[in-house]
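Sending over a structure as structure tokens; questions will come in a sec.
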Amino acid sequence: MTPLDKLITYFERFPGTGLRQAKRFAFHVLTLRPDQVQELAGLITSIQNSVVECTTCHRFFSDSGIRQTECSICRNSNRDHSKLLIVSRDSDIEAIERSGVFDGVYFVLGGTISLLSNSSQHPEKVRTSALKALVTDKINSKTLKEIILAFSINPDGENTSRYVESQLSELITQNNLEVSYLGRGLSTGSELEYADPETIKNALAHRTHHEQT
Amino acid sequence: MTPLDKLITYFERFPGTGLRQAKRFAFHVLTLRPDQVQELAGLITSIQNSVVECTTCHRFFSDSGIRQTECSICRNSNRDHSKLLIVSRDSDIEAIERSGVFDGVYFVLGGTISLLSNSSQHPEKVRTSALKALVTDKINSKTLKEIILAFSINPDGENTSRYVESQLSELITQNNLEVSYLGRGLSTGSELEYADPETIKNALAHRTHHEQT
Amino acid sequence: MTPLDKLITYFERFPGTGLRQAKRFAFHVLTLRPDQVQELAGLITSIQNSVVECTTCHRFFSDSGIRQTECSICRNSNRDHSKLLIVSRDSDIEAIERSGVFDGVYFVLGGTISLLSNSSQHPEKVRTSALKALVTDKINSKTLKEIILAFSINPDGENTSRYVESQLSELITQNNLEVSYLGRGLSTGSELEYADPETIKNALAHRTHHEQT
Amino acid sequence: MTPLDKLITYFERFPGTGLRQAKRFAFHVLTLRPDQVQELAGLITSIQNSVVECTTCHRFFSDSGIRQTECSICRNSNRDHSKLLIVSRDSDIEAIERSGVFDGVYFVLGGTISLLSNSSQHPEKVRTSALKALVTDKINSKTLKEIILAFSINPDGENTSRYVESQLSELITQNNLEVSYLGRGLSTGSELEYADPETIKNALAHRTHHEQT
């Protein structure tokens, strides 16, 4: 395998990237100026040092130089540490923070448990034991009241939700923790006529009421 | 304009049909057998007689021969007539009935109020006065408790919701009626990462809780 | 089955129309004014009388009142009757006439021979015997030189092309007729990078040369 | 700007990559093992050294270690050096080589001339002078007969074709070179009914004839 083929293989492993796009990325790198090549390679080499994985929630955050081990959300005492929202990826946290309505804390599982993967296989990528350890810690310090399972509404997301719940079930039952899921309903852009029964069922069950003034 | 052109023009006015598809429809009619032509033309001629518009909710229903003026939902005393759900079209009712969870009654407005249409124009297609009359009747007979505004989550749907509410505001306030909207949240297939802030806000506000057993 | 269900079934058989769209068409008919209902039903009833299927090429044309049995193209002595271009449908002729470069005559086969259909089944919809009769007539009157097989470049189109050629093979060989196919190459909008090998092969083989002036 | 933001900015400049995908690429790099990080950064640093831009046709090729300056196609004496096919990008050559029917040589222009760009602007990215130099060289060595302009069939491709031809027009006229373009016609998957007039015109003009055996 030539170096070009190796580089293309690396780009092919980038999320959502096929062979043809990987080739275009490699050709793009070939056209960069020497200073750009150096900077890009330098950033790739050093990024894991300048970005820290939070020891508590496992999301990535930029190291400000003072070598924090916890991210700004986990360190923020104004956030409600009794609510723990579990997501698959960092980008899910970004989406929730954009909404500006969640004041609790997070845990990044690191992936989803695919329905199609061999069930006997150990799902190594997801941080099951780190999650159990965090939940146990929070129970011991009496700070945890609610676990919110926030996964996508698709087969893999629902399977991940079931997996996490089963992994935590003993801790949840013994400590009387509340477990909740993101509410379902009509999302922005939904046309009623084309909504599926499950979505309509939820949209009717959770209808919002007008506040009389 | 030849008869063929006229027929194509009729088909072009069918919802979601462009010129090219209208032509294909006309060619399709040209290939029908004489008995099919007669039956299709007969059905078109008679359908308005065999289908009745419910005098109460204005949805269409097939006339069973005994000349009912009200549809089976409006005549059903097992349904909860204190909940009136207002939709744009008949097909919205079909979607809600498929979910099997709504036991109230309906009103078909007949259209949406587009944000783009001239606001000074009277929106003739929507049944504003019929809606007001129905709500007044139900208030007089003391059967109405809740009005559910069930429109699509898009600009026209939201504008229609505002329009209907403003038209009914006096009746609502004077009679202390409850007004509600379809709940918003993640719909089936939604990926958390790509959900908009409004949807996430609602998904968090209406999160469902696990029943402890 | 109610009359409404019957009407929906008719609309579902319209090309490219699913159940949901068929229902919307039926609801559309329900909202037509009485005079529109009468005109639409009347057009459907009479269209087969006002439109004539050309006895030679089998395309449909509007009857001008003087009861022609042949269409304007077949009657046009300025067209080159030695070139017979065979298509699946009337709409293919429209596309070719729009290009304004073909001066020969046509034959409408009436359909395609699907690769997936049972090969032992007689393809009743396509006018095989009418085509053989026309080609024989044109051979007898010594007017035919070239047969152009003009089908879509997809599996069904290519299968239809093979079928027609095999049906006509004896006539073609015995009378030394020329057989041709639509040229392949890059079509408008094609990006070279994404073109398939067959298309590129043809684009290179049929490259156009600049006229030196 | 944090190092993470800088890395995201680099990824955003990758062809066809938006901000959201660039972020996912950065998160992907954050999850690589240290040895993978080192290899990827090393490949990016060294790829311009291990890949050589052919001094003749300007396509990229992997350096086999013996420091060739010309690519394998340009060095291949079995290829027909009298035919010069000009493309926008390396990936176009790959598509043509996959078809296996072109035995001439190439020149990579390096880009397209957009119709929308300011016409007074010098199109710096495209190798106009290198192309003129190559054509002049080939004329001097009496090896050039035909120039094939092989650009996409879209506004930018057609504009680039006109641009290259105008730049070479003097050389072409004085030396009586043949100029050709990729043949147009129905490409694989084309449906006749939806083909544009230009495509049909070409499909008819370049129709292929059946070989009588």
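Just so it is clear, A, B, C and D label the chains in written order, and each chain counts residues from 1 on its own.
Here is the rule we use: a residue touches a chain if its C-beta (ideal position, glycine included) is under 8 Å from a C-beta of that chain, and two chains touch if they have at least 3 such contacts.
Quick caveat: nothing in here was measured; it's all calculated off a predicted structure.
Enquirer: Just grab the chain with the largest centre-to-centre distance to subunit B, centres being mean Cα coordinates.
Expert: Following the centroid criterion, the farthest chain would be D.
Enquirer: Could you tell me which pair, B-C or C-D, is linked by more C-beta pairs in contact?
Expert: When B-C is set beside C-D, the one with more contacts is C-D.
Enquirer: What whole-number Å value describes the gap between the mean CA coordinates of subunit A and subunit C?
Expert: Here subunit A and subunit C have centroids separated by 54 Å.
Enquirer: Per the centroid of Cα atoms for each chain, what is the distance between subunit B and subunit C, given in Å?
Expert: 40
Enquirer: I need the residues of subunit A touching at least two other chains; which ones are they?
Expert: 89, 91, 94 - these are the residues of subunit A that touch more than one other chain.
Enquirer: Given the complex with subunit A, which residues does subunit B contribute to the contact?
Expert: 87-89, 91-92, 94-96, 98-102, 148, 150-154, 157, 165, 173, 176, 178-210, 212
Enquirer: Looking at the complex, which residues from subunit D come into contact with subunit A?
Expert: 2-7, 10, 13-16, 20-21, 23-30, 32, 34, 36-48, 50-51, 53, 60, 62, 89-91, 94
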